[in-house]
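The following blocks contain the structures, represented as structure tokens.
You will see two complexes here that share chain A, one where it goes with chain B and one where it goes with chain C.
On to the complex of A and B.
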């Protein structure tokens, strides 16, 4: 068996081991590579930065245990950003698991808030909790919040929450910040908040979903898009709050480089073998 | 040991168990799969029940009788657990699908169709707009099926295919990157300074257990590429 055949027939577990080393190395020994801010991330940041103080914004928290490491740091950064700008936040989640991770992000953001920033539960922010029904749930929430929920995440009746005074449908919100993760829910926000009510919206999705949602930006239905861990890292960078996403983005770079080398090597070896066989 | 650290260590152990499937199917990977499915199933049931209790049962208790309909439909979904009663669950499923479809269609024409077409009608003043217009037109034309690929249409068809292949390449690259991010998310927690030694110990234990299993033939060695 030639060296080409041996390499082409390499046990896939060797590739897994190499990939593990490539991804773990930058986490154990942080390395910083130069990074540009993507247009979509900057647009999302600029839009959020331009929301007027005192406005109420609705935030969908769609991150799960799998996607929180990617989107969580960005969500935390945006909560800090919004509360620091005196923007009021109304959170909700479309999944049972996402519900808990949204609460985790709020808790993490409150710990990172600069001194003097007001962040009282029920006054500056409220977590409505889990809204079932997927797109139907979003539509119901946009039209009549109290038809879907009586109490918030902590069991407090909505009618006794100061921030919810006079807030019962989409018209109360100045913007929608949709942290959809990998739940594929951004189109629901576009269809139920943006199109019928004209509320401007930005989105966050995992890296693999970015190509699916860029047409919404071109059409003006999304004001910006935060994609995966890189998007989170960029948001951290833009609000000058370096955090965990930046390190993870570097690890992704190393994995990507190794993957690209393997793909190129595999193709070269394939053509060499075909040439040797006279194909 | 506080609950946070315990969670990190438990998470590290379960992650190693789940990733051990990369070596080959084994009892530990199966155990972690079943553990995850069981915990998630129970958690989803409990959270949904809590939602029904606070937003439906409580409303009925306060005299809003209309919520009895919602509660009855929710309970009918559980009839799937007994094969003879499955027919009952079809009514709430049909209602859910129908309402969901109706709500989605209401704005789909504007959100997914007209707005996207409008966004593609761009002035051909820069390379980005040119690529956008040519790519959209030729990729759409690629799906016009006809028997003969002759004349100008042959070039339109081929150009459309190039754009589609480029789009598939981008999607593939983004998907690979997303998978890296999933692994990195776990590694960040597993390699925290306060957890790394537990992770290393568990890796050694799992490796020793699997090696023993493979050597004694108690676990079948997967010999694929």
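On to the complex of A and C.
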């Protein structure tokens, strides 16, 4: 067996080991490389930054254990950003697992808030909790919040929450911030909040789903899109709050470059072999 | 059999009308109630799913079917977390189990794709012909655009990658969205007309259907 054949038939465990090193090294030993801000992330940040103080914004928390490492740091950064700008936040989730992660993100954000920022539960933010029914649940929430929920995540009756006073449907919200992760729910927000009520919305999804939502951005139905861990890292960078996403984004640098090197190597070896065989 | 079809059609048509046109309060109120039903039924379906899954695993253990020991793991985990979670989802031990067991397992499973994709790409992602070559070049440009350092290493990847994403890729996805939507509309019309009865638990043989 020639060296070309041996390399083409490389044990996949070697590839796994190389990928592990490429991903783990920058996390264990942080290396900060220059980073360019993507236009979609910039648009999402600018949109959020432009929300007027005192406005009420609805936030869908759709991150799970699998996607929280990608989107969680960005969600935390946006919560800090919004509360620091005196924007009131109403959270909800479309899954029982997502519900827990939304609460986790809120807790993490409250720990990172700068001194002097008001973040009282029920006054500056409220977590409505799990809304069942997928898109129908979103429609129900948008049309009449109390038709699907009577208490919030903590069991407090909505009618006794200061922030929910007069908040009955989608018309109470100035914007929608949709942290859909990989649940594929961004179109539900577009169809149930943006189209019928004209409320502007930004989204967050995993990196691989960004092309799925490009048509919504081009059509003006999404004001911006935060894609994966890089989007989270960019949000952290833009609000000048370095966090875990920046370190992970550096890992994607090394992982992505290794992928590129391996595919180039595979193709060079393939052409060498084909030439040798006279193909 | 006509009554369930009529109920489905009336409910669906009222929902569609309310979405596009201002409707009387009576219709809006009726639709609010219907949507509440969906939320309640969805939540109940979760419980039903859990019960069915638990029965399946308990039976598997009882009958010592193949790999029954994994079902014991399910049953023990389910009983432990359910007892803790039913008390309160903010129970400290419940949250510890979730944060330190469920969460790392979920994250680990998702991150494994990075390893599989890289290994698979090394073996099969070849420029065997012109079409595969174009796909390879485009994937490189988009990858470099997406990794944070890509634009610094090779600045032209940003405009080219954005063009690829906004036009060829965007057009493809837009076509998919429109196609899916038209399919859903067609399915809706068939359901309202009583031609599609799967939602009622009726599976009709297509052979010989005119």
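Keep this in mind: the second predicted complex is superposed on the first by the 279 of 279 C-alpha atoms of A that agree within 3 Å, B and C clash if a C-alpha of one lies under 4 Å from a C-alpha of the other, contacts with A are read in each partner's own complex, and residues count from 1 in each chain.
Methods note: a residue touches a chain if its C-beta (ideal position, glycine included) is under 8 Å from a C-beta of that chain, and two chains touch if they have at least 3 such contacts.
Here the structure is a predicted model, which means the values were calculated and not measured.
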### Task
Scan A:248 for contacts with chain B and chain C and give back first, second, both or neither.
first
### Query
Can A:39 be said to touch chain B (first), chain C (second), both, or neither?
second
### Task
Mind working out whether A:189 is in touch with chain B, chain C, both or neither, as first, second, both or neither?
neither
### Message
Once chain A of both complexes is superposed, is A:181 in touch with chain B (first), chain C (second), both, or neither?
### Response
neither
### Query
Taking the superposition as given, does A:27 touch the first partner, chain B, the second, chain C, both, or neither?
first
### Query
Looking at the overlay, does A:220 come into contact with chain B only (first), chain C only (second), both, or neither?
first
### Task
Considering only touches as defined above, state whether A:207 meets chain B (first), chain C (second), both or neither.
both
### First, second, both or neither for A:10, with chain B first and chain C second
both
### Query
So, A:139: does it touch chain B (first), chain C (second), both, or neither?
both
### Query
Which chain A residues come up in both lists, the one for chain B and the one for chain C?
10, 12, 16, 19-20, 23, 66-69, 96, 132-134, 136, 139, 148, 187, 196, 207, 210-211, 215, 218, 252, 255-256, 259
### Residues of chain A that touch chain C when the two form their complex
8, 10, 12, 15-16, 19-20, 23, 33-36, 39, 64-69, 96, 100, 104, 131-134, 136-137, 139-140, 143-144, 147-148, 154, 187, 196, 207, 210-212, 214-215, 218, 227, 230, 233, 249-250, 252-253, 255-260, 262-263, 265-267, 270
#### Entry: In the complex, chain A residues that touch chain B
9-13, 16, 19-20, 23-24, 27-28, 66-70, 96-97, 99, 130, 132-136, 139, 148-151, 155, 182, 187, 190-192, 194-196, 206-211, 215, 218-221, 228-229, 244, 247-248, 251-252, 255-256, 259
### chain B - residues contacting chain A, complex
22-23, 40, 43-44, 47-48, 51, 54-55, 58-59, 96, 99-100, 103-104, 106-108, 110-112, 115-116, 118-120, 132, 167, 170-171, 174-178, 180-189, 191, 224-225
### Query
Taking the complex as given, what residues does chain C use to touch chain A?
19, 28, 31-33, 35-36, 38-43, 46, 89-90, 95, 98-99, 102-107, 109-111, 114-115, 117-119, 121-123, 125-128, 136, 140, 143-144, 146-152, 158, 162, 165-166, 169-170, 173-174, 177
